[in-house]
Amino acid sequence: ADGHSKNIATVVKIAGIQWFNRMEEGVKQFAEETGMNAFQVGPAQADPQQQAALIEDMIAQGVDALAVVPMSPEALEPVLGRAMEAGITVITHEAAAQQNTTYDLEAFVNEDFGANLMEQLATCMGGEGEYAVFVGSLTSQTHNQWVDGAIAHQEANYPNMTLVGDKNETFDDAEQAYTKSQEVLRAFPNIKGMQGSASTDVAGIGRTIEERGMEDDTCVFGTSLPSIAGQYLETGAVDGIGFWDPAVAGEAMNKLAVMVMNGEEVTDGMDLGLPGYESVSLDGKVIYGQAWVNVNQDNMSEYPF
Amino acid sequence: MSTNTFMKNATAAPEFRLLVIAVFIFGLMSVLSPDRFLSSQNLTSMAFQFPEFAILALAMTIAMMTGGIDLSVVGVANLSAVVAALILTQFSDTGMPASQSAIWLAIAITAALCVGAIAGLINGSLVAFFGLPPILATLGSGLVFTGFAIAMTGGSAVMGFPETVALIGNAKLVGIPVPLILFALLAVLLHLILTRTAFGLRVTMYGANPLAALYAAIDINRMLLKVYVIAGMFSSIAGLIVMSRANSAKADYGSSYLLLAVLIAVLGGVNPYGGYGRVIGVVLAVLSMQFLSSGLNMLQVSNFARELIWGALLILVMVMNTHAVAALRGSFAKSSK
Amino acid sequence: MSSDHDTAFIDLRAITKRYAGVTALDSVDFTVQPGEAVCLAGENGSGKSTLIKIISGVEPATEGTIHIAGQERTTLNPRISAAAGVMVIFQDFSLFPNLSVAENIAFATQLSTHQRFFKARASRDIASAALDRIGVEIDLDARVESLPVAQKQLVAICRALASKAQLIIMDEPTTALTDKEVRRLQGIIRMLKDEGVAVIFVSHKLAEVLEVSEKVVVLRNGKKVAEGPASDFDTQSLTYHMTGRDVPIVPPSDVTAGAQTLMEVKGLGKVGSFADINFELKTGEVLGITGLLGSGRTSVAKALFGLVAPDSGSIRVDGQPVPIGDPQAASTARIGYVPEDRLTEGLFLSQSILRNVAVGRLDAHTSSGFLNMGDLAEEAAEWLRRLKVKAPDIEAPVQSLSGGNQQRVALARWLSRAPRVLILNGPSVGVDVGSKADIHDIIRDLASQGIGIIVISDDLPELLATCHRILVMRDGRIIDTLDGKSVTEDDLAHRLAS
Amino acid sequence: MTKLFPRDFWTRNETLVAGVIVLFCIIATLSDPRFFTITTVSDLLRASIVIGILAVGAMLVLVSGGIDVSFTAIAVFAMYSSTVLSLAIWPGIPWPMIFVISVIFGAGLGAVNGFFIAFLGLPTLIVTLGTLSIFRGFLLTFIGSQRISDLPPSMRDFSRGVIARGTTEAGNFYSIPWAVLALFFVIVLTWFILKKTMLGRSIYAIGGSVESARRIGINVKWTQFFVYVYVGALAGLAGIIHGSVGRMADPFSLVGLELSVIAAVVLGGARLIGGYGTLTGTMLGVALIVIVQNSLIVVGIPTTWQSVTIGVLILLGTGVPAYRAKRAAAQAG
């Protein structure tokens, strides 16, 4: 490729869902601003092997850089290794432990984000009572890190709160979150708080809470998007959600890729020129921003996605 | 037999149509994106990609030949890989000299194959001795195998292997990708088993008429056990390839391969009600799928559209294989009056 | 002739039916007058069933015209045909195993009245009336799958009777019936005739054919070769027309049984099925087992081959005990079993003739793990030749063969395994006279080679023509042992029915 | 005197499944007395609605001698596209109309299956496997892949509609939504078709033997066609209920559930060879699966072992009757 227009493929976990559509907005924005051939692809099914195959195809068609949001970071090590051998710049996201990457971009430290949600949950619960946690799947690393960070934060700061039950698995399905949360309520009738991880978790939990009229008796926080959890935020069934803006993350990844290709260096405390990434910290290959957003009833209208 | 009638028979076979389809897709993709699709990069990359699910499709094939199905292939593959991975991470480390790690790798592979065999024995027993319908037996056992893999790992990935592990899935032998060699060996093996051994013939006969097989004094239970053990061991080999290519093992790898394996087997002409199936058909189906899939990726066609095209291809092939159009004309001719 | 056509209920002109590669019917003219009993005779594969399928609308004719009840039918399907008054008792019964006896009998009738709603009570009434008519008692609520073959056939007959048919076609309706029931059926046919209902009757039992029919039509290789009043034919001439040759009427077996005891069955019993079965089979002996429907013949035969596990008793071959309830063990002890129902039990219909024969010899032709396909094919071809199987190609699917040839393929499978004891359940069920004589020859020939043969049958001439001894069963017990040479057909019939 | 039980009462699958359910409930109650409350019952009932409707359809197909794995894709397709359509042209549309649209979409897609199966004579498993991919692929490619939670308001109203709702004196919450009536309606309608019409009996007859059915003049093609259209319509209904009650049109949901639903139906005694299957059995099968899936936390099974538990239960639930049937067949000889 010539020095100006580069082919940059952003490969996401799965195509078509809100989250990554929002990311695609950022990628497109970037393409428009810079005139680079930046585009986004993703597999039809949430399966690490499909994503690996897709990256394989991208390498074969000779892209200059890859921005990858790995479904399962470990599974992509070999294929990303091959990409780097082929001289392709690799930027990853949500994969702090990734070995074969030029830089990994994290919106934040996962444990901190989990603790941030816990802080809000604990405040809402008045620092005491039973709570339960949900993950999309036990095999999802980030979900587990958020929840682990949250539990650690609770144990360190709120001794009067108790975690009941296991990490409940919802398979990224609102219906599952709905039935699981019902069951949690039956098994632990005194429960006061729930924290979700998959974007559909709070939607399912919120539905249960609303159905039982427990909006005021319980506190529900979790990772989600306003477009998914909005209706429950309105009624108070869900008290707050946290997320980071995938559009900004997508744009940031592409920006980083170009920086690397142009031989620019990333340094601790650097400003990437994007909200939440004004002063990134560098830890080895991992670049951390402070890009989380907390949303509740009051500010949800500011985030139309 | 004259070569003429031989040609006629060969071109009438469903496998011939698949060949035409495979060649057509290859040609189409080459035309649409000549510099990229025909690049050696891409051809090698495709050769690395398909063996994982192609081997699962072979496992599916032998189960379908008996009129059964094996929905546990992905579960078995992952459980085998997890067991192998745990052995590797427990007893070897990345810094180990190759000679030593090779021994551990051999042990891990043996263990994985044993897991596959045991899983196959369980499936076979459920079908043969307890009389469960295969679709339910393997649906249930698949959940159990996946469940064990989750329970053993807590759901997270097992990683940190010695470098030798990467050879299975990523190396080349005289320029040919190792996974492709493995697949070719297994395909030939299965072909020989099905057409050149007493066992294979019995499998086909049983698939064609189980009751007659009973009256022909075929030891059905033993045969079914073998079928599912073979399917299980093929699955573990697929699992090992996935493990090597992902440099890790996890309970949910390859979850989309299950339906894909069924789809490929059926597209390859295997009769899901038993009694007919040829490995060459399955191989052609695999190639068609891979050409299509990589080609569409190059053209940046949505991956959802790819699913649509797969489904349409499956039905199209069926319509061509059965004399469906004639049947349609017949059915409307009759009901028109 | 033209008046024939004018009054005929069924009038087929120049009907030709071609399947891929086979001309099953070749320009056949065929008429049936109201109230007439017509017998359709012919060897296996001569086209009888095909003709019936065309009349009943199951298969379209390739060429020719069809008139039913004076009306030309250019498109025919089972519905139209049934509405015109044609009911068929198919060779394979065409019943619904999952439905009750009552529904099976009444379904077609209820369907023909175009009612939308299903009335369970009406269905039972129709069924019990039909059963009463032939004087049979079968539990109306039993599922048909749980019935023995003979009762299934009775249900199929009742279904045809239940509808207000103008023509009832019976494709080999007596194969599973015992003598007594056959007589009853003949009575029914006469009764139908009196009521003005026409009957087309297909059977390989020539005596039956001549007894009930007014007109006989003989097909050979898809062509009509003879037609005339039944009184013009006798067994001999009918056989001649059917086969195109004279089939000698064979005298009873004159091969003497050897002296050695081959098989010994002691105290075999299974609760609810059979009890106290004791017999010996000598080398070269043909032993018949007969009995009325439900007498336990089939269960005993299956027990000998390990398909049914008896509760008590022992089986020895050459003095060695054979583990019971295990077909593989029985097969290893070189016991062979040719089942009653070729289509579902005996053959792999979609598979090649070669494979159907070879499946019994796979291990013998395996060396270092692989099959020797050449040897296998050679051996199979040799057996097919010896049994005079008429087949276009050894690789053709066995379903393309006619009944008699299919039966020979089933036999070839076991013969290729050089059995010591061969159990033949209904060896000539649904087999034409020509093939039947051949099969009897084969049985005698095998016996002369020292094989012990057990023939299960209710075809008395067959038993007399082949057996040295005949065991008569009733209620699961052996009630009589008769000498094949001295017993007469009347005598045997009497003992069966008494 | 009329018989209290049918003759084969004790050997039926239904009886066995009911027994397993009772046993499971006893164990669950022993391990946690709160299990046996109105709350549990109403929660389980709600969880059964969508699966129950889908299962009735799956049962019908099994009875007719086929197998359908595409009904989940039909359900999602119908639900999502009727929602999208409503939002596009009339967001204020009353919910019964959306339901009708979804049912019509479902029936239409079912007709696609029916066309290939009945008129082209293709094998059912292959066709529905193909259409599963086609419907899902088409939906996600051309109609949309975003989760929509801004549903037409009337759909939310439907989801808030309850027949009964409240808290018992003991503090146990219960809620029976309108949607239960849909399940009830589907069961009654299907019962009527299967038991009281010639069409229904024809479906059983075809499942018993297609060839025999053809020979006695049953219009096999149109009957099969009807089955797939009806099943498609049921899927459309189940889908729109799923979307409304869940208050989200999620194009990724439901697909993947098909085999579990079929497992539930087979648990209830339907046979994969066709001709056998009852509504009672189907509902019991659904109940068993739903109870087990929603009681693992109460029984105290760790999340990591839940998959194993469900697998083992499917194996036990289908294994025991299968084994008994095998034994019985061996006995009868």
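Note that the chains are named A, B, C and D in the order they appear, and that numbering of residues resets to 1 at the start of each chain.
One rule holds in what follows: a contact is a pair of C-beta atoms (placed from the backbone, for glycine too) under 8 Å apart; a residue touches a chain by one contact, two chains touch by 3 or more.
As the structure is a computational prediction, the values presented were derived from the model and not from experiment.
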If a chain touches chain A and chain D alike, it appears here: B
Between C-D and A-B, the pair joined by more C-beta contacts: A-B
Chain separated most widely from chain A, comparing mean CA positions: C
Chain A and chain B, separation of their C-alpha mean positions in angstrom: 34
Chain A and chain C, separation of their C-alpha mean positions in angstrom: 72
Chain B and chain C, separation of their C-alpha mean positions in angstrom: 44
Residues of chain A engaged with two or more neighbouring chains: 15-16, 44, 138
Set of chain B residues in contact with two or more other chains: 150, 154-155, 302, 304, 306-307
Where chain C touches two or more other chains at once, by residue number: 77, 307
Every chain pair in contact, whichever chains are involved: A-B, A-D, B-C, B-D, C-D
Chain B residues touching chain D - in the complex, by the definition given at the top: 71, 126, 129-133, 135-137, 139-148, 150-151, 154-155, 259, 262-263, 266, 272-273, 302, 304-312, 314-315, 318-319, 322, 324-325, 327-328, 331-332, 335
Touching residues (chain side chain B, partner chain C) in the complex: 192, 196-198, 201-202, 204-205, 208-209, 211-219, 275-276, 333-334, 337
List of chain B residues in touch with chain A within their complex: 36, 39, 41-42, 44-46, 48-49, 52-53, 150, 154-157, 159, 166, 169-170, 242, 244-248, 250-257, 293-294, 297-298, 300, 302-304, 306-307
For the chain A and chain B complex, residues of the former touching the latter: 15-16, 39, 41-50, 52-54, 56-62, 72, 74-79, 82, 137-139, 141, 144
Residues of chain D defined as touching chain C within the complex: 7, 195-202, 204-205, 207-209, 211-219, 274-276, 330, 333
